[in-house]
Amino acid sequence: MPPLQQVPPEPSSPCEWIDTEVRVRYAETDQMGIAYYANYLVWFEVGRGEFCRQRGFVYRDFEKENEAHLAVAEAQCRYHSSAHYDDVLIIRTRIQEFRKRTVRFEYEVLRKDDDALIATGWTLHVILDKKGKMKSFPPDYAHFLKSEVTQKA
Amino acid sequence: MPPLQQVPPEPSSPCEWIDTEVRVRYAETDQMGIAYYANYLVWFEVGRGEFCRQRGFVYRDFEKENEAHLAVAEAQCRYHSSAHYDDVLIIRTRIQEFRKRTVRFEYEVLRKDDDALIATGWTLHVILDKKGKMKSFPPDYAHFLKSEVTQKA
Amino acid sequence: MPPLQQVPPEPSSPCEWIDTEVRVRYAETDQMGIAYYANYLVWFEVGRGEFCRQRGFVYRDFEKENEAHLAVAEAQCRYHSSAHYDDVLIIRTRIQEFRKRTVRFEYEVLRKDDDALIATGWTLHVILDKKGKMKSFPPDYAHFLKSEVTQKA
Amino acid sequence: MPPLQQVPPEPSSPCEWIDTEVRVRYAETDQMGIAYYANYLVWFEVGRGEFCRQRGFVYRDFEKENEAHLAVAEAQCRYHSSAHYDDVLIIRTRIQEFRKRTVRFEYEVLRKDDDALIATGWTLHVILDKKGKMKSFPPDYAHFLKSEVTQKA
């Protein structure tokens, strides 16, 4: 299945967002009556997994086939508005930057109902082998993720 | 270091409880303003780990040395009263039943402040090897856990 | 209002199951490489919320309109097989027992891929008012939940 | 009330760190065998709560007395090394910046055993009233937090 690069994106939209939905669980609220702030990093993970899947890169298989992990080196989240129990949130995910040994994902969290911007953030990842050492991105997997970068070259 | 069996317990107290403290985190509350019900299973795990440690059995080492896991087969919790943010809870843990291939832990959760009974519960565990098959308890580790049972024989 | 056992359900279809899907998150795994046992109670909550929604009872609205909560009095889970990262699980939910002041939900967790039974469990709930006192189920909401019992009578 | 930058702290000891310990729970690990990245924000919360408590500011009381919340506006974490199950971590917390309507906490996470730097991060907070509107910090509580600045002035 040929991935995205056959459909060159518009110059004005340098990068494709992939959307995933999550519904806020009761478990994810706190006594402030809103979603607890650490859950956004969990939702980013959900968005990231779905982004990879839709690009033809199943992260579960990646770990098994390469005996490697995509470890988080840094994470940032800005909370614009609160999310509440039972809200359906759209986690928009894209790759902001793809380098030999690192990849940076970018996220936007919107409430589906009213399109309100709830949060924005990013995570920076490194590839670690079984022993925890940094390694380059396996070429076959890099292919899926960097396709849009190639187009821009 | 000889474990517990050198100090025979009183007939009236058939089993020793080991206490661990946890303070309820904001992350653990929900919009009802109380600790979310799934967290009690996490606190049971904390109590269980501390119980083992104080009996001379460091669970982290157990996993590494035996390439085995103490998997949960069943869990039960009864919620008597609510726990709130910042409450210090005492997780009382003991072994209820020790068999060749299973061990059952029992728990009581009390609020330290007023000694209120918050929850009670138990978890049943089986030993699984690396491939997920049931196995007997490694003798050296069983020794630590079943010492009090031996005394009663 | 007679509790459920006084109205014998049909032998063939005692109760309607409602299915919800969750995908196991990386956050929900532990170092054993499987879904951590407390997450099942979270998934039960997801199934319960979806059950209510599909019966015309939005739990979020219930809390607001009645200034009441459906607090958990007891929870039980039996772990039959392990769930892994990225598994799609089906949370099957139904009401096992409906009484004036309590409702018991029953759950089955299946892996969608191979239909394997992963877990079974139940939760018992009481209605608590704003001050934490037990109260009867508001009639209009009870209607949604016990409809199948009424229909079968 | 002048914000922090107008009162230059001593070059040698700009700010007091307050340490809190947490032990990594099994629930907090993931299948990579390390602590899942979102938990650091939970541990930051634990450190923050303890920081406040030791400064004479019990956050639980603050919420009740002021009908206000210290909501998170932004969070950032850099992961330097992995934390593992059963590791005792020291969460070092201090105030980086105190303004009329915002406060920024800074964190360092160290492993107690070998003093390894595990993570660093910060969180930016705003005071929200009951209706979710920003408000100034109540003077009596501000007093506790900015005391070191005042003392040093």
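A, B, C and D label the chains in the order they appear, each numbered from 1.
Keep this in mind: a contact is a pair of C-beta atoms (placed from the backbone, for glycine too) under 8 Å apart; a residue touches a chain by one contact, two chains touch by 3 or more.
All values derive from a computational prediction rather than experimental measurement.
J.: Just grab the chain with the largest centre-to-centre distance to chain A, centres being mean Cα coordinates.
T.: B
J.: More contacting C-beta pairs: A-D or C-D?
T.: A-D
J.: Return the distance between the CA-based centres of chain B and chain D, expressed in whole Å.
T.: For chain B versus chain D, the centre distance works out to 31 Å.
J.: What whole-number Å value describes the gap between the mean CA coordinates of chain A and chain D?
T.: Here the centre of chain D sits 26 Å away from the centre of chain A.
J.: Go ahead and note the Å separation of the Cα centroids belonging to chain C and chain D.
T.: One centre to the other, that is 37 Å.
J.: Mark out which residues of chain A touch at least two other chains, giving numbers and ranges.
T.: Touching at least two other chains: 26-27, 31-32, 38, 42, 45, 85.
J.: What residues of chain D sit close enough to touch chain A in their complex?
T.: My answer: residues 31-32, 37-39, 41-42, 45, 63, 69, 71-79, 82, 123, 132.
J.: State the interface residues of chain C toward chain A in the complex, per the touch definition above.
T.: Chain C reaches chain A through residues 23, 25-27, 42, 45-46, 49, 58-60, 84-86.
J.: Enumerate the contact residues on chain C facing chain D in the complex.
T.: Touching chain D: residues 26-27, 29-34, 36, 38, 85 of chain C.
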